[in-house]
Amino acid sequence: MLSQQIVNALSQGAFYAMFAAGLTLIFGVLDILNMAHGAVFMWGAMFSWYLMSVLGLGFGPALVLTVIFCGALGLLLEHTAFRPLRKRGGGHLAPLVSSLALSIVLVSVAEKLFGTRVVRYQTDTIPFQKSLDVGFAQISLLQIVLMVMALFLTVSLWYLISKTKLGRSIRALQENPKVARLMGVNVEWTITWMFIIASALAGVAGAFLGVAYNSASPYMGHWIDLKGFAVIILGGMGSIPGALLGGLLIAFAEIGTIVYLSSDYRDAAAFVVLIGMLLLRPSGLLGSSKEVRA
Amino acid sequence: MSILQLHGVSRSFGGVRAVEDASFTVERGQLFGIIGPNGAGKTTLLNLISGLINPDAGRITLNGIDTTKRTPQYIARHGLARTYQTIRLFDTMSVRENVMVGGHSALSYSFLAALSRRKIFKQHELALIDHVDFLLDTVGLADRSNDPAISLSYGEQRRLELARALAAKPAILMLDEPAAGMNTRESENLSNLLRRLVDTTSLTVVIIEHNVRLMMELCDRIVVMNFGRKLKEGTPAEVRKDPSVIQAYLGRAA
Amino acid sequence: MHDVFDFFTSYSYLFYLVLLNVILALSVYITLMAGQLSLASIGFMAIGAYSSALLAMNVGLPYPLSMICAALISGTIAVLVCMPVLRLKGVYLAITTVGFGELVRFIALNSDYLGGAMGLSGIPPATETWHLAVFLLILIYGFRTLQRSRHGRALVAIGRDEVAAKTMGIPTTQYKVAAFTAGAMMASVAGSFAAHHTAYLSPGEFTFTHAVLVLIFVVFGGLRNYWGPVLGAIVLTLLPEVFRFLHEWRMIIYGISVLLVVVFIPDGLLEFGRFFRHNRNKAGRSTSGPTASEAKLG
């Protein structure tokens, strides 16, 4: 039983990690909290549901299209809510609110297009339903794919940041934006790509969550936004490995709460961890005040 | 009684000795200068005295009170005002408002008194406005009173910082590179102003500066620092002649 | 005359809602003045609502008294929460306050004493809309006084440059605690009003989304002075009503409107009017705060 819960926690943590990785990347470098990240996640779920359940596409193609779609959302997000404000000065409050406003728009459009109810997949369209009995637990193929995917994406992101040109630009930008510009880093292009990547990641997380829980609704974004905050605080703002670690730990905390206390208290677990972390060690487990660590 | 005394003050930052065993005394009514090459520890010293950081060793006495481990607010309320090397104005406020904030601790009415529009509130506010206008006039910014602080030129902003520091009616005023970025005429005006203040009021002024010639002409007493240590303390004439000072700093400048 | 009366009774709820939102916006604004972004107002609103309701229902305290006690409870909690929390800067503080709000909501959701998910009903209805109006007038008088006194200047100074404020002798911690607590008590009163107006409370009224909407009122209206949040709350409460005929497009328009204002008029709607008039600052009598694009959060 316990081992089953561990497996569940690992796969749950995978969602959180993918979602939080993008969030922490943007916060670590640009010092702004992207409040529309949850809405993009939600669109990942809704869009892939639409492709699969209404247009009849398979999971694979749907996932690819979702990645592109959410990446495009990230581009839109950056151009409308963040870029114009960057030109006006470095306040932190305005981008927070503009991303909130865009989040409202994104959720409302989803409500308009898909209605306010929870939508479900037809059972035969859900991929990877096979379950394996590994002795100590039952793992569904989906869970395996999810965990592998999360690991793969996190490692790829790490690789991107530490070894590629874009990654160097990102790190330079985080160190000192003015100097980075002078050294020839194309700041605008770098930031745009950061948003595209982060949003694509959120989209993947959303798509997987939709099939894993066989449900999607326009309101999923709020729920995961709050978890996302807890994860990045726990893991350390700006740390990608921290997002992975934080995601797993929060998932474990939640599963632990369900098992040992009550499933009613599940959502509180993330907040207790969050507040505890903020009071004891605000920089998080793997973060230092400002660093995109790869 | 002297107004400011340092005894063996030391402070390191991660192994680097920013200030080491600094001791000197500032008498009331003096125009006291601290000079030294970059990195000599002058600003650190000022931060130690004003309470922004605490010394690792030593004692600081302000007006007879031990202020070694005190908070900046406490020290400010006990008569010390300071300016900053990088200008720290409240950039969203007007020129006048900035100076009024400076006068905060010179006022004493509570919020409750303000709410009930007590006489003490009105009197203090009016007195403050008068004082502020006087100070702005003294530093030559009277015609810019209602302008946003951010619209001032660099030299004007420095003068604003000075007015703001004076608004607290301090016993001792500490200035961190007040003449930086000023042209000759402006720094002369500044020197004259400081000299006048010190001569006509009970104000003590401590200045950190790079402009050695200015300091030599202006100050009653000078401390020279190098690598965190006090090299020499004395009158400008004494300091000018000291060989170790000449070697370390004055070199070609004097 | 009859028509005017009809107008007010049919729109009475809307008027009440506007007043409520203005009070909430001001409760967020006062902490923003000191440079603290606190989204805890909704949490304190919940505390005020439930406390006043329970005090009235179970202890039998009469209406204004239950509200006052609820405000004192909120104030006490605020002071206790403050101490560890105010060390945190900017976004960290904001997220902590979100966590606080969520915890309060969570407690309300899972406590049978508080009615749980089904909520608390049977609260003695006692609030008239004019009660809120009177309270709001008092608040506005308070803000006006603040802005013309050294205390308001101190708050704004702390918000802009806390270190510089300290070296001017301003007791920064005291002011931050005071601002936070004042905001908490204002939100608490708003919550108590709500409880005794609708006679029903549920945890679903006090979510993160609500907290965020209140913040939007403030930034939308402008941070320069307290009229900004007032204007923002009024406009954004009325907007969905005005666009009611657009059905699902309402919120899309809402979001776009906010986005446009924040992006193109980052100083806030209030300042947009000023753009056409020279900003006369009468003898430094009223202190301006930073605009949203200038606001640093630690």
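Labels for the chains are A, B and C, by order of writing; each one numbers its residues from 1.
Rule of thumb we're sticking to: a residue touches a chain if its C-beta (ideal position, glycine included) is under 8 Å from a C-beta of that chain, and two chains touch if they have at least 3 such contacts.
This one's a predicted model, so the numbers in the text were calculated from it and none came from an experiment.
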Quiz item: Computing the C-alpha centre of each chain, which chain sits at the greatest distance from subunit A?
Solution: B
Quiz item: What chain is most central when centres are computed from CA atoms?
Solution: C
Quiz item: How many Å are there between the centre of subunit B and the centre of subunit C, using C-alpha atoms for each centre?
Solution: 40
Exercise. Provide the C-alpha centroid distance between subunit A and subunit B, rounded to the nearest whole angstrom.
Key: 50
Exercise. For subunit A and subunit C, let me know how many angstrom lie between their CA-based centres, rounded off.
Key: 30
Quiz item: Of all residues in subunit C, which are in touch with two or more distinct other chains?
Solution: 290-291, 294
Exercise. For subunit A, jot down the residues that touch at least 2 other chains.
Key: none
Quiz item: Mind pulling up the subunit B residues that touch subunit C in the complex?
Solution: 50-52, 71-73, 75-77, 81-82, 84, 88, 90-94, 96-97, 100-105, 107, 109, 111, 114-115, 121, 124-125, 128-129, 132, 145-146, 164, 168
Quiz item: Which of the residues in subunit A come into contact with subunit C in the complex?
Solution: 27, 31, 33, 35, 80-81, 84-85, 88-94, 96-98, 100-109, 111-112, 222, 225-226, 229-230, 233, 237, 264-265, 267-268, 271-272, 274-275, 278-279, 282
Exercise. Using the touch definition up top, name the residues of subunit C that touch subunit A in the complex.
Key: 32, 37, 84-85, 88, 90-92, 94-96, 98-100, 102-103, 106, 110, 207-209, 212, 215-216, 219-220, 223, 248-252, 254-256, 258-259, 262-264, 266, 290-297
Exercise. Show which residues of subunit C lie in contact with subunit B when the two form their complex.
Key: 141-142, 145-146, 148-151, 153-154, 156-157, 160-161, 163-172, 224, 280-281, 283-284, 287-291, 294
